[in-house]
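Handing you a structure now.
Naming follows writing order (A, B and C), and every chain is counted from residue 1.
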Amino acid sequence: MAQNRVISPRSSGLARQRYLTAAVFLLPATVGIILFSLLPILQALRISFFDYALLNPEQIFLGADNYRRAFADPVFRIALNNTILYSVLLVVGQTLLALLLALLLKQEIRGRAFFRSAFFMPVVTSLVVISTVWKLMYNSQGFINGVLGTLGLGAQPFLASSTQALPSLVLMSVWKEVGFYMLIFLAGLQAVPGELYESAAIDGANRWTSFWRITLPLLRRATVFVMVVGTISAFKVFTPVYLMTDGGPADSTMVIVFYIFRVAFRYFEMGYASAMSFILMGIVIVLALLQFRLLRTTVEY
Amino acid sequence: MVSLSPRRPARWFALLVLALIVLVGVPPIAIAQQTTTLRFWMSADPALEAAMDALLRGYMRTHPNVTVQRDAFPFNEYHQKLTTAFASGDPPDVFWMDVRTATFASAGSLLVLEKYLTPQNKADIIASGLIEPVWKGNLYGVPMHELTEGLFVNRTIFEEAGIKIPQRLEEAWTWDEFVTIARRLTRRTGERTDVWGFGVLRHLSDWSILPVIMQNNGAVISPDLKKATGYLNSPATVEAMKWYQSLFTTHRVISVDPIPDGFPTGRIAIFQAPSTYRAFLDARFPDFKYAVVPMFKGKRCAVTAGGWNVSVATRTKNKDLSWSLVDYLTRERHAEWVRTSGYLPVRKSLLQREPKFRQYPWGIFVDQLQQCQVHRPNTPAYNFFFDTFLAVARDAALGRDVQSLLDAAAARMDVSLSRGGR
Amino acid sequence: MTSQRPGHLTVGREGVGFPSASRVSLTSASRVVERGAVYTLLSLLAVIFIVPYLWMIFSSLKPAVEIFKYVYPLSWRTFIPETFTLGSYRELFQLVPFPFSRYLLNSLFVAISVTFFSLVVNALAAYAFARLPFPGRNLLFALFLGTMIIPFEVLAIPLYLQVRSFGWVNTYQALIIPWIANPLGIFLLRQFFQDIPKELEESARIDGCSHFGAFRHIVLPNSIPALVAFALIRFQASWDAFLWPLIAAPAAEKRVIQVAIASFVTEVQTRWDLTFAASTMATLPIILIFLILQRYYVQGVIMSGLKG
């Protein structure tokens, strides 16, 4: 490496050089996020204080009325409850299953690459395709009921039932997402030095204790990522509801983003839809901060 | 992909910047042209797009200075696409529009076409075709065609069961006759249903169920489109919906969730579907034997009718030219469009000229179109009505109490109607 | 999760090979039983993960008449076609105004561009967040993360107006550039960069390496699994995009596969034959890419040594 840059012995020079490097490194991402995320978000934030009918250019300032309306809107409340239920079930389900799969696949077993590929495939498959195929599989005369019938079990209504529809969506989403989080855990597990287990074994720890005392603590950063990203994406669930259930039956799969979408694009109330989005954003930020705090490691966040 | 060649950072950055510039900085080169471009949007369908392209080529031949740029969007997302285009001030000039005419017209998005449509031209269009494109007495579109429904029956199943297949409107089944036949044709092995007596293509939608309500002399929204309470939950509507519910719950002749391709694969004996379904069956299931029978009837006959109209955006820079395209598609080439698309004619002249529209099976649809046609409510709140109605129908199919479902839905509709469609 | 004390474990990783729980002593009999249980569980799960794909692929090889004929009750005909046909694929290549391959290439071009630029731009930013402390770093990071949370549906129109002001409507730029900077990627890569022992970089820096040199020679090679995982996610997200391409690029020559597939749901019917064939064509290439990359990923893990 022929580097001409000389590291300055003075710390202020070092810091200045570091800031400059940081600025250069951050420039492309920052420009992109400002132009294509932040500015549209600020625009949406402005809209959330207006009565802004999508098709009508005329805008009326409402103050916080849209926000007040959301808290009084029974559908918003139902959507919020459903979203929370969906997210809790999904995040818990996919995190535990991902951890299990990662631990199983960490071992030196034959066909490891095959299993890993199989579990990861849905991650790289389009959600539109998956939703379409699973909707057909969940049909009352679909593939899954065919399997249940062959096993001598009764047919289930799945998406046509107000009690089974949401869990059915969760099941499909676990299937779709778990491979990605498995990979995160696997990569995290690779970082656990083998000697630790050896020394733990010498100390007489069984595998259960070494899992609790060595593996899990070292998987913290991975766990933080899995939980935070999992929660954020679970709260934004839209496509499966849009393609599979339309929010029903009996509003049992009405989730926030689907409701926001309807209000914005079908009922044209962009102001109200934006306000609900920022309420959603507030909730998710609080949740993410809580998770960061609960899973805090010695490294600062 | 991940390994980066050993270059100095400065050069490497330069490369990245260069790549971005190449990507960003090549604007589409504007070809100098004297021609006018009209943007034309339609709902996507491979067969219809091909048929439309043939018409548009003809238009461009007769209008050499005009280029029509046709784009198509998936049916389910078509209105949303239109909405974003209008909202961002970038709408097409000419486009397909349906029962949501009121929604877009109330926001001032659609051009009033009244002055362009000559009385003689207008007089040639059947009554059913001039309901959806009209809002508050103004005409905002010209119909391309009409669409209505009938019952498609599986010939093999009917012949085996020895049930006569009606061929004329007067022979339409009554509700009771229909239930008896549908029950007879439903076959079960234990709890598993092998054949469903009945199925519906636009499953649980307002389009499919509105006829049932209207056949019972019910209503969904007041004639002035201001209230739903007292209409959507009126005794006649509730009674009709209860009968419809009984098809799912008491009689169990129809599946709660739709069976994909259930009719042509023999899992559904009677299938309520639009007239264009014939083209689909003939093309995709050529060996399948079916017949068309009129929609069942209650106290009166009723079948939903509607279709695509062609509308023009208020913002278009070429109003007259846009109209010339509308007129070309809806009047001059109407016969060709009807022939290639498989829709029903909307012009009296064509209905009179072609004898096939008076004969079976076309005759059933055409007769229904002229004698039984009912229309979805042309209100700016149509999207809300659509979603609300679908939810009610789905919950009713699951056996929930119809009266309380309709009461709640009517109350929600009232709020939406009072907001002027939002 | 309980509160633990992990700090001291991050040192002394050099030269560690493949770690394995199996090094913990076990009697061979119980190991056989355990292996059996593990294989049974994994195989069962693998079947659940693979069967939907098989059904989709086999359905795409059936004529329209057959697709749903034998789905219920279950039989071997549910999968194996009575009549094998490539008719649906043939029809896809005869679509008007463009054959489906055109839409595939559009999606491929867009997805590869997004993935490539995304890797470069976000890895740089992630490194800055992980290793170059500067005032306001956490605030900026939180701001970036915050932008992830607003559902795209409410941003679609402001974003469209932004893109239109650049004159990008109906261009590939509109489909690529807004999706390069990605907070999720910055977050993911930052988490991994932080796990790389600082000592390595510090020794490299003492040897005269710049930050960029340390980033490229120490951090990147040690993060290949994370980079590949992120690349796949980016590729997939772009491949999966539906609403934005629908809004931003209405012209048929810029149409992407998801919009093309949605077009088979028409007013009258869903063309299931085309839907299955197109879904298969939209799914298999990306799985293939993934399987190829998987090799690199495994190699990367082994070669880098440090992380393995």
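For this structure, a couple of remarks:
Just so we're on the same page, contacts are C-beta pairs under 8 Å (C-beta built on N, C-alpha and C of every residue); 3 or more make two chains touch, one makes a residue touch a chain.
Here the structure is a predicted model, which means the values were calculated and not measured.
The set of chains in contact with chain B as well as chain C comprises A. By C-beta pair count, the most extensively touching chains are A-C. If you average the Cα atoms of chain A and of chain B, the two centres end up 36 Å apart.
Between chain A and chain C, the centres computed from C-alpha atoms are 14 Å apart. Looking at chain A, one finds that residues 28, 54, 136, 139, 141, 149, 265, 270 touch two or more other chains.
Residues of chain C found to touch two or more other chains are 73, 120, 157, 161, 177, 210, 212-213, 262.
Chain B has residues 16, 20, 80, 84, 87, 192, 259-260, 262, 267 in contact with two or more other chains. Every residue of chain A that touches chain B in the complex is listed here, in rising order: 2, 24, 28, 53-56, 136, 139-141, 149, 154-155, 157, 159-162, 246-251, 262, 265-270. Remark: chain B residues 1-4, 9, 16, 19-20, 23-24, 27-28, 41, 43-46, 48-50, 53, 69, 71-77, 80-81, 84-85, 87-88, 90, 192, 201, 259-262, 264-267, 273-274, 276-277, 279-280, 284-285, 287-288 touch chain C in the complex.
Considering their complex, residues 8, 13, 16, 20, 80, 83-84, 86-87, 103-104, 107-109, 191-193, 255-257, 259-260, 262, 267, 383-384, 387, 390-391, 394-395, 398, 400, 416, 421-422 of chain B touch chain A. Residue ranges on chain C touching chain B, taken from their complex, read 64-65, 67-69, 73, 95-97, 113, 116-117, 119-120, 156-157, 160-161, 164, 166-167, 169-173, 176-177, 210, 212-213, 216, 220-221, 224, 227-228, 231, 246-247, 250-252, 259, 262-263, 265-273, 293, 296, 300. Within the complex, the chain C residues that touch chain A are 1-2, 4-7, 9, 12-13, 16-25, 35, 38-39, 41-42, 45-46, 48-53, 55-56, 71-74, 78, 120-122, 124-125, 127-129, 132-134, 137-138, 140, 143-151, 153-155, 157-159, 161-162, 177-181, 183-184, 186-188, 191-192, 194-195, 205, 207-213, 215, 217, 225-226, 229, 232-233, 235-236, 239-240, 242, 258, 261-262, 275, 279, 282-283, 286-287, 289-291, 294, 298, 301, 307-308.
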